[in-house]
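Here is the structure we will look at, set down as structure tokens.
Chain IDs A, B, C, D and E follow the sequence of writing; residue 1 opens each chain.
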């Protein structure tokens, strides 16, 4: 089969599945779930075929074609650009997506709106696929927005909860703020290059470096700020945990939030070194910030959300650090700069272990009857052994324990950061990222210790049981992937142009990393055990340093600042403007004019006194005035 | 006269005749009324579809189906000349579709004296079709005004609260706009020297000898404010939210969806091609007002509690984008405007319709008195959300809206980056009010008022009857959104024809001005012509 | 002068040239005879005879007498009359107007219980004079015809002799009319005196004749006395057309006069004034363009604004329509000003007058029906509430009539305004155009305000405990004739807006 | 003999003026009528003067018609005044103002 | 002699007219109006318009004024009611009067517009009754007939208005 046809299938399968569910299966929940998983399976099969076989063929459909300014053509089209990079991202999407769908079968078993959930999942898969395969900026943007929509729907799954409603709204609007820049960036690109096509753009950017601009790159990066939840647009991601946990695993950990990283890697050639510098700092700051804030969270999913933020910060920082790296790229369609490659590498491993952690948390939450406060859990290690083990693997992976997947990817990022000062970069980034790695080990260990050890701190935790096979199976698969996902042999030659661009640490630095990884992960657990004694009922930090904990729990007041802005500035401005509109435009301008005319109306009305004597004067004055006008006096 | 031309004419005549029958026939049985009205509403939509399918402009003017009929005003260069070009075709079709949806929905409404209501709507419908089918700018204006009286009476008789003063304000405002544009059109007629109101001859005449610069500025100024008022340009918008809030749903759909597009269509089809130098002269102001419309009105929309007023204001805001597109004075901008017009027409009609469907279930338009409706009406919530997402330009349901806005942004960047940035801000603003509205109506816990209402009344999900007009609009929107080339290819050709003369015209004008200045300098005293 | 010359003068007295007027006078006289000798039965027939006669005459004038038996573009009665196409149209116009007045009169008189013979007879005679007025080519005839019309209207305005308001209106009209007559006469005298002054170049013995006067004025357009004379004549005519500052009598007189007479005043009398003005401006006063253009322009502007603004706050529909009529005079004056540079503006004025006739009589017809039996027939806007619901036919006619007056497409009034705007544009009267637009916009308020009263749903307060429900208003039965007449008018107002073919010769 | 056209015209003009001023200042409808007649007399005088000094006959004929018209006007006017007096019992315009806003 | 007559008649006319305007009693005013009309008629005679002078006397002094007097007596208007114009009215009248007098004097001043012939220099035109008749029945036939119609209308009108429809016609004001 030709690739073109396969691409079409790929796009159509989730779409049709979503369509069928929306139209016919709204009430038939199990059928809907079955259909969704089935379509997911077929989707995966086709996807894997595409990834590993790479059949020949292209897909390109023109949406519209107009003539743009200065003889340029303005073509918006739908097309596929399939290269190693997109293949890698597709792999992540397929693997995590399918596992999450299977997991959801168990997790959402008794949900009254199962059909909507699975329909939403299908839509999301479709939209995400669009981002992954798009061959031009406009199409990316379109699917970018659609992904946001899917995320909105899924976060809003429990729509009777005001917090869920608010969170979904927040997610969408904050993403739109990012898209504001993204859209401008696309327009900017068009104005400079006269095309949206990625291949053409890459070519032109390669030959005409002078056409690039830092502003353009940063505008495009605005979209990433939103979607990948970087400072200062990170606020939506922790709130997005209001959605069902499988969603958090798929969308808000593994794929959608990573789409920003993927996109930046995809348009890496449009980024100037100056833009990358900014990007690097954004990532670094986000990584550190989120790691700190994670200590203030008691909700198991919130901790994971901040850890996601932190890891995304790593990836973004890696992208930025690329500006100080020597490109190792060779072969493939287009050499991928090492920054992008490293970021993609971490993206992949992170997708595995973070999805694992989230699904674990889902398993726990399900077992604890939707209890999410870790201080209401405890002692689960015995009750849920498989979950416990897989969680431990995830924990070690994210902590950078040597020879697990996280170790390799984080290692390469730190390596880049370490190398950066040799190419004129700041040394500070390295230290921040290293510190953040240590913090990561610690807060994850806190989560681990408090959740699994000690004794059950609530009724719900008391009765927790291991989850069923539909949920356990994905956990095991992901645990395996988290272990092996960092090795070159795992990727093989399929993603040549990405993997080959990844610089690997050697020699002393590698040793240092192994030591650091071990210390951070295992040491973290020990330290966490000491600090957050699982037998205590309350958080140690909270009792020891209440103000610090409060600040961290409040996410260092960034959200409060936004709320303050929305409530005190934006809404008030809207009200004031509305009032002014009523006052000046409807009132003064419209009614005022009407009033003035009406006033003259009353005056002229009062001239008709009904008295002949008065009327005669009118005549006299009339004749006089006419004469005056005629003879030019008036 | 070919069969297609007859079809084109009858898309206007059939609703008109049905209206006259309903008017003259006295009280008819309900079934007969409904049958006739369905015919009157269905015919234009079907005709629009057939005409679009067969659309094949051959000559350079970009028009197809040209036909003219005598009127008695030939002495003034006025003939009833009908035809469609790439710009009017999609709008014509859109008018038919929105009319169909509005008509079907009107038949379901619980309006008293249904026959009169449908009769007036059919008059409006005839006017709508006529506006976009006219090649003669006199009739273009004439058909628009045809709908003024029906609109007024419909609002007054079948409207909601505050209808009396709202109808008055709207009518006076619209008349002001119409009068200004009438003078502008007359000025074009006199200054072009074409001795005809025929758009094709006018364009030809202007291409040969452009209107003098001073007159261009005056004419465009007149048209800008005239059309602008009709389209609710920023400081002249106050009639729109009020009027729509009190109008009966079908009237709001027809007016906000289609009739309002008259002004913008006039900009693209008449004003900019015929007086390009004037357009460039006023560009800055128009862009400024358009931008103010997007941002200020957008923010005001956020503050609304009344669902209908919110939709009305959002439509004013979207018109801001269109003005920005016009202000670009470029093919791309104009194309964006036409796409946005089609998209917005369908979307806003859908929103007004769904707004009323919600109203039927809550008995209020106040969004603070709603909430949590989704439990009772999941399908309605889904469709409503789709409509709102379309309106805020989310690709998918609102693909066409997105394409339109995006095209405008791309064109606008050429003109001014700062203004583009401001305009794109609207993307955020519209997301804020759109999502808030969905959340306030459907999600979260129900408000006290709604709970009380729900306890007393049984509330059902959207009915099949209500779904029909909804789906007509939604499906049209999505299909055109997925295949915008259906319209853009023909549009491109017509726009090229329209804009072809612009640049040369402006150049020629600049040259002549230079010459006349030299002449003036050589003659010691200026004199009147 | 010898007898031969007198004979040759007398030979120009071709009575056949004024056949329609002649027939009207005969008809009026036979009405009186019928009244006198026909007993009560004859008296009952008077109205029908009048209408039938007028209808026949109208149809004949429209068909057989179209070219006025070949007198077009000739003068008869030793230069007193000039038969022109314009005069022919105005004849038809006045016949139609008279027919409609007679019809409204029959409705009105029945309600008020007044005898009708005098009404119809005077209407016919006034019509005959109006027809002569519009063809007059000499100040003497102009004066006499104008006065015949005016005195006829004095009587008609006071016709409702049992109502003091009608008489008061008659008195007011009479004194203001007398005053304006004096002013007009002074103007005529000055023109006569200066035109025949032997010391001036171009003096003529027959300076009261329009064409002779024109020749004189062409040579002496700067003469002060001629200028004053022209101004005074214009002032006198301005009284007839009701333009500011000579409009002040209008609301009171319209309010007091019986409805059919108000209609005739609003249409025939105004049209008569414009016929005179057009004859003067296109004839003798043409050389005075430099003097008249600014005067008439200012007059038009002020008239448009004043008429509309004053009508804005009116609650009494007759005053309202009177003041709106003032504004229409303003629009028409704009056309008159345009005539100085664009002679074809005359056609626009005539077309406008025709549309004005259709719409006005439609509205007045509704008013005549709405008026209450045996009471003062002045009405307030409030009397029109619920009309659409109770009497949709009348409401429909009213809406079409008012909308046509307001100049809303697709009605004839719009085409009328369009043509006026067109000629104004052609004549480059931009300021006036701007004012006209403002006027039209203002006028929407009261025209649509009236439509609003008649059509909009009214919220009624729920009745309180012990409150009696208001007695429902009695809505008039609409006879078949009324349906035919009013419906026909409304339909014509609509059709003429959609298709102007039959009048295309006017528009050219 | 110094009397010429101008003297006559001035007299006629003054007569017109007197009538005019009378109209402005009087409130009795009967007197108003008289003032109108005075104005018409002024006009007549001017007509006859012009007619005589300019040697044309037309003015004289116009005077004839003016007198006719004036008489008819007075007759109608007085009839109205009488009828109105029956209803309102007054001839003063100040009191005849029930038609007004 | 003619000068003297002119001034005398002119003075009579103007004074008579002025007194009409200023007289308090309508009866007096009517009598004074006769004086003024007679003065005008005399001026007509001075100008040689004998026929019109006769008509003037017959129609105005004879018919119109008698009608006035008749009506005044009939109505029996409250004579005790004093005429008290407001200052505003008087000022208006005064200003209008002064302006008009200036206008008249300015318009009718001796100048290039008018013939400078004195009365004796100008030839009387044939304003005999016969010439009137001939003119009226030839050149002025149409207005003459129309005047008849006018009188008919006036007659009809006067008769109609003066009649009472019924007693209930009297309304409360």
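Operating definition for what follows: contacts are C-beta pairs under 8 Å (C-beta built on N, C-alpha and C of every residue); 3 or more make two chains touch, one makes a residue touch a chain.
Source: prediction; values computed, not measured.
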Moving step by step through touching chains, the smallest count that connects subunit B to subunit D is 2
Third chains touching both subunit B and subunit A
C
Where each step is a move between two chains that touch, what is the least number of such steps from subunit B to subunit C?
1
Quick one: which pair of chains has the most contacts?
D-E
Hey, how far is the Cα centre of subunit C from the one of subunit D, in Å?
26
Using mean CA coordinates as chain centres, what's the subunit C-subunit E distance in Å?
30
Mean-CA-position distance for subunit E and subunit A (Å):
101
State, to the nearest whole Å, the distance from the C-alpha centre of subunit D to the C-alpha centre of subunit E.
5
Multi-partner residues of subunit C (each touching 2 or more other chains)
140, 143-144, 147, 151, 154-155, 158, 161, 164, 167, 170-172, 175, 179, 190, 193, 197-198, 228, 251-252, 314, 319, 445
Got the subunit B residues that touch at least 2 other chains?
172
Where in subunit D do residues touch at least two different other chains?
9, 16, 19-20, 23-24, 27, 29, 32-33, 49, 54-56, 61, 65, 69, 72-73, 76, 80-81, 83, 87-88, 96-101
Can you list every touching chain pair?
A-B, A-C, A-D, A-E, B-C, C-D, C-E, D-E
Flag every residue of subunit C that touches subunit E in the complex, lowest number first.
6, 9-10, 13, 18, 25, 32, 77-78, 80-81, 113-115, 118, 121-122, 125-126, 128-129, 132, 140-141, 143-145, 147-148, 151-152, 154-155, 158-159, 161-164, 167, 170, 190, 193-194, 197-200, 223-225, 228
Which stretch or stretches of subunit A touch subunit E in the complex?
613, 617, 620, 624
In their shared complex, at which residues does subunit A touch subunit C?
594, 597-598, 600-602, 604-605, 607-608, 610, 612, 615-616, 618-619, 621-623, 625-627, 629-631
Going by the contact rule at the top, pick out the subunit C residues touching subunit B in the complex.
388-389, 392, 396, 399, 403, 408-410, 414-415, 418-419, 421-422, 425-426, 433, 437, 440-441, 444-445, 448-449, 451-452, 455-457, 499-504, 507-508
Within their complex, state which residues of subunit C touch subunit A.
171-172, 175-176, 179-180, 183, 227-228, 231-232, 234-235, 244-246, 248-249, 251-252, 291, 294-295, 298-299, 306, 309-314, 319, 442, 445
